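In the two complexes that follow, chain A is the common piece, with chain B as its partner first and chain C second.
What follows is the complex of A and B.
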């Protein structure tokens, strides 16, 4: 059990102590070239890969055919990010309708329970369902602010979305199987083995273990913001692990197992480990719990000229696995802070809240920053330097410079 | 003030007493022909009118080019109805981008306040904003269940949606104008006068008065479910009157006035009046407050074969201007009832809640009904007969017959 109780306080890792203070000020990542080469998917309309040609091209930044980011201003101010604007991060190709077949016949097997069973989606829909709002966020969101040469999509803020999921609580599924194996330590979710796609199952399987406790709020989701879960987002069923990074929300879900040990596939063992620059290995913490984080969405250079006078500074704040408690906003790069107010309904602790601060700005340049707290934890000033640029929640890099005229 | 205090208890109108008991059992409205003739808009792709060619054809029932309904099963189970599935009911043609011009330059004038002012949308965005979830519902939703020959789209359940709106509270706008005229009785909202469309302003203006008190929760909205308010839904700005029927949520908003008398335009004076069959006139109540209502969304004949065993009965329930308190579900046409549970987050009193009842059904036929209460009011069994088929909240007509195999 020790491993699962490991405190994931990302702000205070030991390996950080030497590097954090050396971290640079607001990094200016270079402009990322559009790259839709090497696509497993045909190119679709509007310059988007074919499998997401239904998305809004104007809302998106294309890093590659598997890494497509939402513009800072395009997550929307209505709390929930519209599906058409939600980012894409795929390790494996999105399955097609013909590979999936009849959606209600899709199978998910449950193991590590008293009575292991395989359910069709149709059967899962009879086990009771609910709706939750959670934040889906790529482990590498914010990677674009790092200054060392870090491999992967150079996400700034837009590998994140707040989504309503509808599906069956894992609890209800487990109950229908007589309960969890007592000596299990992890909940391990596996994507389908990709037989239908012709890919090598050993290489193509995304399998992720999270601490067993996660199951109590987790869900097998078949609907996303009111529509059947799109293939591009892991349809017909995906795992939802509230408060945990995107990779744990396994797509095209084929199996949920309560296990004594972590999965040994690449995506668990070596990838998604938060290690110091220059080091790697499975001894480093996995991308599990998301830390407290916030960023400003308006005004930015994307939202047009800012005229002097009253200005509404707006953004989103998340608490990770705890409810976000407060947000402070600075207009002078962190020299002084004012408390912002939360606006709109509270969708639960796993959703983000929108914050707003009204202020008056005269002509000039400003650095706007936000700093969220969930009570025990608050955003650090600087990023936690790490090899792959994971879990960035430093407020300084996420600030925006604006010119008021 | 007397008029505004008139109690709109739609269940107990006097003119009803003679007819309600005569109302038929579950009406079987005839199949509505698809009709996209006489369109002011070019026909778009997928058989949808051009101005909503971005919508999901499969989610929609086309009554006419101005009346497009959401399938019972397509409002989604994630609380919020996706924009692509939201119904359309237009009295006037949707304005085009070129008629609207620069969205931030759109003007809304505020009258009947201490300091009347005209704001651009850009200025409104600086007055502070928030997000609310409300139900948008056409006054005629449920008209398709009436048995007398009633003019208008034969809506069943799908002229309704639950939507996140983002905009500025009317309160904040009024504060910026020094407050409301003390002797005003109504808040009167007018659509743009349609000069840009070349239509006769006298005929083309939608102007609606509601009791002044409505302003305290009302909003001028520029965003719908996270995207700029689509033209088809009244962009760039519309009035949102929470708890009040759709018609009061005036599109392409040009003016908000606090007035002593009701507007005298057709859409206020003679249309949208709830009058006995065969009678009409402005002495009858206007379509203002929505009554408590619910309906089942799954299972229905749209959602596929129902197999015997455990069945989840799911639907939506709204309280009107009060919070919905409880929902009961019947599987035997109202002979017996069981209390359903609410699922998913509570988005506030003006949003609907999703309810679910788990039951076990053997092979046979069932009539599934739901009955919501907001405390003081509950759904009546029968519809309130009225000339234009407005405000239907009788539970019997809204029930569904299913066959379990």
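What follows is the complex of A and C.
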């Protein structure tokens, strides 16, 4: 078969520069970007896309340049996930330094408050300062375990990280604006990373509404694990909504509004809805609060030969919007369970805890599973089947098989 | 009447089998045209074979895709990517051809 290769012709160039023929535009109405943004997603070094050449290639599984997962064994080695290991999931291209400009001049507008204002990052830094640890987890983490054909990155466990964020509490920003409109119901955050693409904001803007109550623990972050928030993770300013799925932690933040209704953009209205297989629509729940979840990070088939004798079974556990209370570990596929110990410091209810169980294993094969509880809720055995493979916290799929020699 | 009926049947069969009438080279050429000109895929994807440098969707040079998977993506869309089939932006024949083209150029 002959490989057809051709330079872009005049029509395509016109198309992209916004002077396409009417026929061309009609065929693709409002779906084609009219500006080419800097293609920083081209291949960089070490087999990584250019915009994240600084990451640790060995810690990562590359699904695409927009979906990069952390290896199971590269999570939980320390309580906090180092930036070089943190997963990437981008709905829009990461903004470049030249698109961002001077970071301290970056603007965030606050609406739905008594006195709406626009703050520069430099001004936000003077309103308040705090650090919190939260779990960043893609709504589709665990999608790779679903058996029906689910489009999107086939994440197993690695679209998750535990991160220290430094920034200003949203509450302090709101106070500087005279308080929230009383009749607001949602906190709605909008990114601006769609702007360089020229795409229709209704279809491309990442704008997410969460219940208003989330604002009390939310923050506008400019640092991630002690360094300025990398562009790849939404710098220079990102909304942090503790306990809520990653999509609500809006990158390249341009606006926070307290609103009476949910945003009507695609990423709120129809995407990220947990619907039955074969059904979709805005009537189904949005990907908001994360459920209780845990998984074993070692030993696994990634961590080498397991020798018989004493074995440390280690993992991470999260409580969602509540503190994780306990974790049990099974070495026989869930037939029997033993309580594991939490290890390392407690960084608050929105961070995960590391857990460990020391046990003695003789030669043979084992199925290792973990089951976390936050008090009222515990992990179910099975996944909740849904169309897009969201919010998977079933313990069985997350178990690992090991061979002890 | 009989002749017009015959012609109608022939034209239906021809339409249903148009895809099979294209040679693989034809499909590659037509697929490139759909990718660059008709569907505007080039605006959102990097693909060396098409000379495209779009930056919104995945870089197609770095991933290998089956024809079936591309068809599914093009038909139903994902995130900002339109559902070209569900929204009738492309015909089934166009989806088949552009999927063949992408599956045979991505990750190469």
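Criterion: the second predicted complex is superposed on the first by the 353 of 405 C-alpha atoms of A that agree within 3 Å, B and C clash if a C-alpha of one lies under 4 Å from a C-alpha of the other, contacts with A are read in each partner's own complex, and residues count from 1 in each chain.
What we mean here is this: a residue touches a chain if its C-beta (ideal position, glycine included) is under 8 Å from a C-beta of that chain, and two chains touch if they have at least 3 such contacts.
None of these values were measured; they are calculated from a predicted model.
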{"item": "Touching partner for A:85 - first (chain B), second (chain C), both, neither", "value": "first"}
{"item": "Touching partner for A:347 - first (chain B), second (chain C), both, neither", "value": "first"}
{"item": "Chain B versus chain C as contact partner of A:211, first or second or both or neither", "value": "neither"}
{"item": "Touched partner set for A:203, first chain B, second chain C, both or neither", "value": "second"}
{"item": "Which of chain B and chain C A:246 touches, first, second, both or neither", "value": "neither"}
{"item": "Touching partner for A:389 - first (chain B), second (chain C), both, neither", "value": "neither"}
{"item": "First, second, both or neither for A:164, with chain B first and chain C second", "value": "first"}
{"item": "Which superposed partner A:64 touches (first chain B, second chain C, both, neither)", "value": "second"}
{"item": "Contacts of A:151 with chain B and chain C, given as first, second, both or neither", "value": "second"}
{"item": "Touching both chain B and chain C, residues of chain A", "value": "none"}
{"item": "Chain A-touching residues of chain C, taken from the complex the two chains share", "value": "24-25, 28-29, 31-32, 36-40, 42-44, 46, 49-59, 61-63, 72-73, 76, 78-80, 82, 89, 101, 104-105, 108"}
{"item": "Chain C contact footprint on chain A (complex, rising order)", "value": "1-9, 11-12, 15-16, 24, 27-28, 31-33, 36-43, 49, 62-67, 91-93, 149, 151-152, 197, 199, 203-204, 266-267, 271"}
{"item": "Chain B residues touching chain A - in the complex, by the definition given at the top", "value": "56, 75-85, 104, 125-133, 164-166, 223-227, 304, 309-312, 314, 343-348, 354, 356, 358"}
